[in-house]
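Next up: the structures, one after another.
One chain, chain A, links the two complexes that follow: it is found with chain B in the first and with chain C in the second.
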Partner chain A sequence: MKQFLVLGVINGAVYGLLATGLVLVYKGARVFNFAQAEFGTVAAFFAYWLIEKQHLPYWAGDLLAILGIAIVGFLVERLIVRPLFTAPRVTLLVATAGVALVLIQLQFIIVGANAVQIGPALRGIGVNILDVVVSPQRLLIFGVLVILGLGMGYFFSRTDLGLAVLATSQEPVATELAGIGTRRMSSFIWTFAAVLGGIAGVLLAPTGALFPGFMTITDLLPAFTAAVVGGITSLPGAFLGGLLIGITQGLGEFYFGSSTIVRGAANLLVFAVLVLVLLVRPKGLIGREA
Partner chain B sequence: MPLLELTDVRTGYGSLPVLHGISFAVEQGELAVMLGLNGAGKSTTMMAIAGLLKTWSGSISFEDASVGRLDTAKRVQRGIVLVPEGRRVFPALSVTVNLRLGAWVRRRDRKALKERMEKVFEYFPRLAERRNQLAGTMSGGEQQMLAVGRGLMADPKLLLIDEASLGLAPKTAQELFQTVKQISKTGVTVIMVEQNAGALDVADRAFIMEKGTLIFQGAGDEELKATDLRAAYLG
Partner chain C sequence: MAVRKKNRSKPATEIVSVPDVEEVDAIEEVREAFEAPMLPVRAEPGPTFAGWVARRGLLAAIIFGVLLAPQFVDNVRENMISFALVYVVIGLSINILIGYAGQISLGHQAFVGVGAFTSAYIVSNSHLSFWIGLALAGLTGAGAALLLGLVALRLRGLYLALITLAYGFVAQNSIFNIPALTGGGAGAEAPRPAGFTGNMAFVYLCFIILAVLMYVDWRLVRSKVGRAIFAIRENELAAASFGINVTAYKLIAFVISGVFAGIGGSLFAHRSTVVVSADFNFALALTFVLMVVVGGLGSRVGVFIGSAFFALFPLIFNRFSKYTGLIGALLLLLTLTTFPGGIAQQIAPILRWFGGAPLRGHGKSQVIQSGGAGVRP
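And then the complex of A and B:
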């Protein structure tokens, strides 16, 4: 069971990262971003091309991939979100689904339907944690996510820019009147969300096969659940929600993973948690804006 | 040379005109009060000056330069700051953070920012007591103090305050007017939009608006006392 728990925590941290991006965009634009996971997939393909095809060092490939997805996020805001700034939110919601579909189609056209793979960033013997052998790659993922989580905690509670992002989500008119400029903040929010998705993408890339839309298929729903469980407007809540969903999935795999009667029981358990949270605590675990 | 001058300003929402050619000027250091009933166009005038609403025609000049085409952020940088109707504090952020964000355009100068925050706490000691409290959990009067304080953090030359007394107890409203008077005495020019005629007690200049036009403007103790403004305002 310990193995499932440890893996659950690591997967959960990735969901938490994606969920944080979802919450950020939700706070800034009051819309669920269907393209959030695709920011990750595209970054993973960028990394694949740079590392496997261009033979760049791992760190350089990952950094450039994240930079690339930051530009994609910026362009999505400029070309799609900004023209819809005053449009009904449902229009923007459909637009984000459109962005996801376009990105997936582009992957089919450019990369093709066959799965590809990136070698792990770190090789070597696994490390023993709670009697569970964890691969160096997964440890790297966890380490990066913990540092990132702490960094974001600092950014959103101490820095002017981080606080301005929170302010924009709470009172757009007052933000404008303080001279912060909601449109400039919108650019920042979408770029930052793309970077968060991109980091999740490049970290996950070496752990499995890359195929068009893989993160939307495997990670978007757990991340969305994590965001809702955390309270949809709370950034720390999203990260915690991610961990909870990861652990729930891990336990589901342990208890029902080999069941042939209930296939996909682990995911079923995730949705059971979602329904339970919505019934018992509809505001989410951290039910206030943060 | 007036600090702010509006000449024949027309604007509205969508195709609906609200201001039908407003012209007035405010001198440096004055405390002007703009009275009028609901729908008279007072808030629209403030939004046009602050840059939240584009003007259809006419001109707005500030410190002898046209600002009519600048966006809100640039106007804040020039020193035009609006404290909006309904307070609009950042509810899930603390008093200190609300104030800090008010100083966004001057955030680089940390020392001056700290001094201005202390000054705000002097004007509104209640805010100092509640500096770590979330703004959304404070009373209406305290939120209004915070909204004015946040406006001051931008170091304004012209402070526009829209309906500060709305929903406040009469005593609290009077205290707020007195504090605004103190602020104006430090050299900050203030335009207070009000439905509460009690604000006239602290005014150097008064405007009365009706249906998108100015029906009265006057300045100086004598002129303000000679005219029965309360009667004019109430029609």
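And then the complex of A and C:
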């Protein structure tokens, strides 16, 4: 059981990272970003190409991959989001799903359907936590999440740019009057969200097989749930939600993983948590804007 | 116009305020939606007799062209056409929820699946006729939708979207996998009804059912119920202040959508003659939403074209199979960014011309502009 718990926490870290990107976009554009996980997948493939094909060192490949996905995020905002600034939100929602589809299809054409792999960034034997051996790569994921969480907390409460993003999401007209360009903020928000997705992607890449759309398939729905459980507008909430969902999934896997009556019990449990939170605390665990 | 409103989650009774400009706007919009549509004031003379002949003639030609299309294609393509017609039925169903009522549904495959399995069970296990299966599929689809509608009374926007997503997911993974009802992973058999076993016959069965549903949809939009549902989409508070029973009409929208989806599911099952739970995955639900938005929320013609397109596109362009998905997704983005109203907005001048207006450039028709404005996922 301990093993499932520890793995759950680490999977939860990835969900948390994706959920933060979702929250960020939701704050900026009031829309669910269906392409968030795909930002991660694309970054993972960038990293694969740079590290395995171009033989760059690991850190350089990852940095370039994140830079690449930042450009993709910027282009998505310019080409797709901006023309739909005043469109109904459901249209923008479908557009983000369209972006995800385009990215997945491009991966199929360029990389092909066969799974590929990257060697881990940190080699060496695992570390023993609660009698569970955890690979250094997974520890790295967790460490980066904690650092990013603290950094983003500081960014959104102490820096001018962070406050401007918050202001844009809360009161666009007043923000505009205060001399902050909301459209430029929108560009920034989507680029930043893509970077967050990209970080999750390059960290996750060495832990398993890469195939087109792999993060959308495995991580997007838990990340959505994490974002809502944490209160869709709260960044710390998204982190906590991610961990909670990861642990829930771990427990579900432990107790019902071998059940043949209900397939995908771990995911059903995640949805049960979602429904429970929405019924008891519809604003999420931390419903405050922060 | 999207009306910005704070404190959406508070119950209506807590919001007591002097109406500001925005709210007055909203009330005006609801009044327009709820009251019977006035005849347009025609500043210019209508088309001449010859003009009407041309319009009606062309319209009749198009309809007959679509109806006769199965006569000119081979057996495989006939099956494709019935597939497209099933999608159109489902598209109409989603359009009622998202386009008319402004309630997002990302779990529509649940309603369709419930209808499909009900119909399959009635025909193969209870050995009753297809028509009873079809009727019961509509009923169970309505039941499934009503259940979700009760949730939608409490949640909206993003939260509703997530719950519908969860609903579809649970349906696909658990309910549709109960072996006694659905045959488990092997699926349930759904033989075609006697007299409609041929592909050609089944296409015309789909045509007939679709025509009935289109008529119902048309009458719905023109009725008091339709106007009430539109008013709720624009602004629930303002609609309530006009004496519209928001709870009841929202549920009615869900039920009608569920009936359509259930019937669509029944056709879906009997078209392929075997139905498995894996058919009703999230990708299908996403396709349903995509085709309606691309077709144009709130527009019957747009939804028809969008749904048929999404059904046929992967089948027709099979030989470019590597690029089909990419082309489809790019077309979707291109449509949305240049015409947020979808295909309905693109063909609006043509539709107006059929209605007697001169052929002029684009513009935004009322239906499209407000379509789904209340939806904030």
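As a convention for this text, the second predicted complex is superposed on the first by the 290 of 290 C-alpha atoms of A that agree within 3 Å, B and C clash if a C-alpha of one lies under 4 Å from a C-alpha of the other, contacts with A are read in each partner's own complex, and residues count from 1 in each chain.
Everything below uses one rule, namely that a contact is a pair of C-beta atoms (placed from the backbone, for glycine too) under 8 Å apart; a residue touches a chain by one contact, two chains touch by 3 or more.
No experiment lies behind these values; they were computed from the predicted model shown.
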item	value
Chain C versus chain B on the shared chain A, clash or fit after superposition	fit
Touched partner set for A:W49, first chain B, second chain C, both or neither	neither
Partner chain in contact with A:Q170 - chain B first, chain C second, else both or neither	first
Chain C versus chain B, contacts on chain A by residue	C
Which superposed partner A:D160 touches (first chain B, second chain C, both, neither)	first
Partner chain in contact with A:F4 - chain B first, chain C second, else both or neither	neither
Partner chain(s) touched by A:F39 [first = chain B, second = chain C, both, neither]	neither
Angle, in degrees and to the nearest 10, that opens at chain A between the C-alpha centres of chain B and chain C	80
Touched partner set for A:A178, first chain B, second chain C, both or neither	first
Lowest inter-chain C-alpha distance for chain C and chain B in the superposed arrangement, angstrom	9
Common ground on chain A, meaning residues reached by chain C in one complex and by chain B in the other	none
For the chain C and chain A complex, residues of the former touching the latter	2, 9, 98, 104, 155, 157-159, 161-163, 165-166, 169-170, 173-174, 177, 282, 286, 289-290, 293-294, 297, 322-323, 325-326, 328-330, 332-333, 336-338, 340, 371-373, 375-377
Partner chain B, residues of chain A touching it in the complex	160, 163-164, 166-167, 170-171, 173-181, 288-290
Partner chain A, residues of chain B touching it in the complex	50, 52, 71-73, 76-77, 81-84, 88-93, 97, 100-102, 104-105, 107, 150, 154
Complex contact set, residues of chain A against chain C	26, 30-32, 79-80, 83-84, 87-91, 93-95, 97-99, 101-102, 104-106, 108-109, 221, 224-225, 228, 232, 262-264, 267-268, 271, 274-275, 278, 282-283
